[in-house]
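As structure tokens, here come the structures.
Look for chain A in each of the two complexes below; its partner is chain B in the first and chain C in the second.
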Partner chain A sequence: MSDPAPQSNDDGYRRGLRGYLSGFLIAALLTAVPFWAVATGRLSAVATIAVIAGCGIVQFGVHLRYFLHVDLSPGKRDELHLILFSLLLLIIMVAGTIWIMVNLNLRMLVMPGGDM
Partner chain B sequence: MSDIAQTGFSFDATPTMHNDDPGKAISGFWLFMMSDLIIFSLFFATYATMLTPMSIAGGPGPKDILELRSAAFETGALLTSTFTFGLASLAIAHGRGRAQAMGWLLVTLALGLVFLGLEGREFARLLDIGAVPQRSGYLSALWGLVPLHGLHVTAGVIWLTILLVQMGTQGVTGRVRAGAARLALFWHFLDLIWIGIFSVVYLGGLA
Partner chain C sequence: MTSQELWSLALGRLDVDALDFLKAFYAPSENDDILSGAAWVVILGAVTVVALLTIFRAWRPLFRDWLTSVDHKKIGVMYIVLAMVMLVRGVLEGVVMRAQQADGLTGGFLSANHFGQLFSTHGTIMVLFMAMPFLTGLINIVVPLQIGARDVSFPMLNSVSLGFTTAGAALIMISLVIGEFSTGGWTAYPPYTGRVFQPGVGPDYWLWAVILSGVGSTLTGINFVVTIYKERAPGMGFMQMPMFTWTALCTAIMMIFAMPAVTVSSAMLVLDRYLGFHFFTNDLGGNMMNYANIFWLFGHPEVYILVLPAFGVYSEVASTFSGKRLYGYGSLVAATMVIALLSFTVWLHHFFTMGQSADVNAAFGIATMLIGVPTGVKIYDWMATLFRGRIRFTVPVIYLLAFMMLFVLGGLTGILLANPAVDFQVHNTLFLVAHFHNMLIPGVLFGLFAGYTYWFPKIFGFRLNEVWGRIAAFNWIAGFMLAFFPLYVVGAMGMTRRTMAYAEPAFQIWFHIAGVGAALLTAGLASLCVQLWVSIRNREQTRDIGGDPWDGRTLEWATPSPVPEYNFAVIPRVHSREAFASAKAAGAGYPEPASYADIDLPGPTWTGLVMAIFGTTLGFGLIWYMWWLAALSFAVIAVTLIGRAIRGDRHPRVIPAAEVAAEHRAWLARIRALPAAPRTQERSPANRGMAAPEYRDLRP
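Let's turn to the complex of A and B:
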């Protein structure tokens, strides 16, 4: 009889392979859809932006799950907390910057047509 | 343990290793990557604020200079390279032998170089048509964001080359496995950033 260890190792390898393969296929699909939407221009402008944003956000999660192996399991809790906190900082800084700059831009645009 | 082994990021702490706590080393690398993520996010924020007519300043805008075709090829090369790095991680984690690990790492390296070549060609074209960074605020932001990612990929390519040399000369030792685990995180992270770039800069700009 053969040693059972290599068998289980083989199983683990196949499971890992399946994980990377599904991640790759899902990511490729989530990339192809927004590229298709922009290339054909068949959707309305708002719908195209929505497709790009939606696919991008989902693909972010797919890469985290299948390639960076961050999930909800207790062993990955530290990384997950770190990522969530970084995302919080990111959203505050990016959304705050865009908010302030768009606001300033609107105020500047009033000037030429104003009473001055 | 079996959970870690499946992921491809497992490596045994051998007595000869410098870092005696591999878990800590990976956590530390996550800290670095997240601080890098913050840097990228500020470049993204700058880029977004530079999309106004005032910042484009009569110069070329995204629709005038960006091409969907080259973005698609760059995306394909990088996404495939992240997959082939995953296959290399698996080969290392499950002891599939040095040849298989190095084979997939070489494919990854080649795809990384293809990506850099495509991006280099794209930005050389921008130089040719006068879309230089000093032309407008928009172009400064574009030249800041996309090549920053390219610079990271260049660093990854250099690191990967060194890792391949180490693997070739030392074999798949604990130290080499630890390096491969961190480079895998870095490489997958760069593809994550690229999702933001192709969504915001290319697809958002051309939609």
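Let's turn to the complex of A and C:
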């Protein structure tokens, strides 16, 4: 990974290590929380799913920020554009598929005499 | 262990009945003669190639200079050679089908199963093993030169991509000799391609060929996105990139997102067929409609993956051969990006009739009509580029003009089909077949031929023969019109696609016309071969010494022809959009660099070749249930890739600055001594690749 600011090797190594370590800790925490929610069963089913989904989405951001080094700085604009574009395409594909397949399924269900 | 068990352990389900080339001997019939004949053509072709290589002692140079090379230009040439071989097979299959249908009122001469294999291989080959390798080859050759780079970002990966694509193509060729191909069309819809309806090897050939080449294309996409983002010459911002590079960028991004969809849908079908899963079966909760959905998530972007680079070629051709800068560069860039995005939003129009509600159909129908808008913008931009230009009617321009007229016609029938109400009437008829051939032949194939003619001197150092190029072009154009316009008529009359015979006498005359068209297309193919032969024979008369035979406008023409391995002696600094044209206009087209530096180049590698060979045997083993072969091949592939990752490039080369300087200075001295050719002598032997200054950018 290239750091834009000129600095000594030692300094850069320590900064890099600190970044990776904090990324690792946050990522581990975001993994542990959903495990805890499922293992203990303290939360309702809906809340559990919400916690898993929420932690998963934050996890994306953590990986991008700490491991892939993509942030909002101007130097990373290209990478950010590509990631946002990927996200858009994934949404189109997933949402489109769900829309189409659910629609087809609904129209199968209303068939008279059909036992799905 | 019985001999039966031993046989199946060693050879899986392969037996003597699978050998197509023997069928003509023990069961002679018209159909089997054709089947065996095709198998013998493949066998004799392979034997001839091996014999020629041995006679001319070409094995060592072949391995050293080509198969193990990571030079992007050589990889590009190998892609195009692969595409040309597959083109020959694809066209001939098309001709056999046209002949069958011309004779279809009386039943024809093929069996239904053979006809099914023909349209399945024809479609698979033309899309995935002709057009894809052809455009990947052009992108490989041209893009690093246009952006002023030494090579692509990942040269070894480039060779691996070629290896996987070749393995897929090899499987398709093997299916002609051993066993049979799928009869499920190029889309391979289950449940028809599932285990219940086609238990044989046919769909497995399709699946593994598509999966292997899909992996190759995904890797190519990644390679070119990174190359275009990271390797541009200093000063070249995104809005200074040549138009072909822009279309290559959008195509590469689309490859990354579209190819995995077909790899996934094929892998799911593999699980259905091999391990008894029920993703797409009729029973036990399978849903074959989701196959159509996932396949076309790939399939629709795929047609724009094919056509965008051709649009890039047309843009370069239009501005170069009219001697004007490209009109509406910004709008062309925007249109390219809009097409790339919208192409991911229209996939449902391939299955309007599958049963979803009218609302869903309407939404996708409107999206489909919208995609015609940016394409229309492009057509106007090319017309405006040609307008008041001093157009030279070279072969690429002939293809360009034919494209602009025929593609608009095809686009209009596309707008008709985008309306679900109309689509219900002509769905699955030859009207549709006529429509997509109308898009893909003038749109993609003519563009690829134009690019082949345009960039040929850059790679080989001499121009292609103009006369035979024109004969080929007119044969392709007239042949296309005669072969496919009648299909609109019979399609609208109700003739379904993929049908080998018919009972309606009114169809027959149209199929006879289409048969004449098929004959002209064959003549076009033959003319291309003759053109190559004549061009090589007369190469001294068309020698391109200066490297700029067409008065080019972009950086690739600022290099010697053939281009040295390191592309540019010194990486150029870019100041404007059409960098070479503006440098020439300022009288600084061929600057003498102040200093030279050592050039680092990646070393040759066997990795790509290993992927090609063991990718083929992996697929072959899986298709015929030879599990030992599959396991062995997979192990070799894995060990090779991991070993290469650990050991890295062990033979990197450095070209010393003195050697670069000597070569470059010698070339500069040669071109200073060359007489500059005015554009009126472009096609004569007087054109030695040095363009005389003309009025540039003369605008009213």
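The rule we apply is simple: the second predicted complex is superposed on the first by the 104 of 116 C-alpha atoms of A that agree within 3 Å, B and C clash if a C-alpha of one lies under 4 Å from a C-alpha of the other, contacts with A are read in each partner's own complex, and residues count from 1 in each chain.
In this text, a contact is a pair of C-beta atoms (placed from the backbone, for glycine too) under 8 Å apart; a residue touches a chain by one contact, two chains touch by 3 or more.
Nothing here was measured: the structure is a model prediction, and the numbers come from that model.
Asker: Since both structures carry chain A, what do chain B and chain C do when superposed there: clash or fit?
Answerer: Aligned on chain A, chain B and chain C clash with each other.
Asker: Now for A:T97: first (chain B), second (chain C), both, or neither, which partner does it touch?
Answerer: Touch status of A:T97: both partners.
Asker: Mind working out whether A:R107 is in touch with chain B, chain C, both or neither, as first, second, both or neither?
Answerer: second
Asker: Once the shared chain is lined up, is A:L89 touching chain B (first), chain C (second), both, or neither of them?
Answerer: both
Asker: Have a look at where A:L29 lands relative to chain B and chain C in the superposition and call it first, second, both or neither.
Answerer: It touches nothing on chain B or chain C.
Asker: First (chain B), second (chain C), both or neither: which does A:Q59 touch?
Answerer: first
Asker: Look at the residues of chain A and decide whether chain B or chain C touches more of them.
Answerer: Counting contacted residues of chain A, the larger count belongs to B.
Asker: In the overlay, answer first, second, both or neither for which of chain B and chain C A:D78 touches.
Answerer: Touch status of A:D78: both partners.
Asker: Out of 59-67, 275-283, 419-427 or 617-625, where does chain C collide with chain B after the chain A superposition?
Answerer: Here chain C runs into chain B along 275-283, and the other listed stretches stay clear.
Asker: Taking the two structures together, which residues of chain A meet both chain B and chain C?
Answerer: Chain A residues touching both partners: 78, 82, 85-86, 89, 93, 97, 101, 108.
Asker: With touch defined as at the start, can you tell me which chain A residues reach chain C in the complex?
Answerer: 78, 82, 85-86, 88-89, 92-93, 96-97, 99-101, 103-104, 107-108
Asker: Under the stated contact criterion, what part of chain A meets chain B in this complex?
Answerer: Spelled out, the residues of chain A in touch with chain B are 9-10, 12-13, 15-17, 19-21, 23-24, 27-28, 31, 34-35, 37-39, 45, 48-49, 52-53, 55-56, 59-60, 63-64, 67-69, 73, 75, 78-79, 82-83, 85-86, 89-90, 93-94, 97-98, 101-102, 105, 108.
Asker: Could you please specify the touching residues of chain B with respect to chain A in the complex?
Answerer: Result: residues 2-9, 27, 30-31, 34, 37-38, 41-42, 44-46, 48-49, 52, 54, 68, 71-72, 75, 79-80, 82-83, 86-87, 90, 93-96, 185, 188-189, 191-192, 195-196, 198-199, 203-204, 206-207 of chain B touch chain A.
Asker: Using the touch definition from the top, list the residues of chain C that touch chain A in their complex.
Answerer: Going by the criterion above, the answer is residues 225, 229, 253, 257, 261, 287, 289-290, 293-294, 297, 341, 344-345, 347-348, 354-357, 360.
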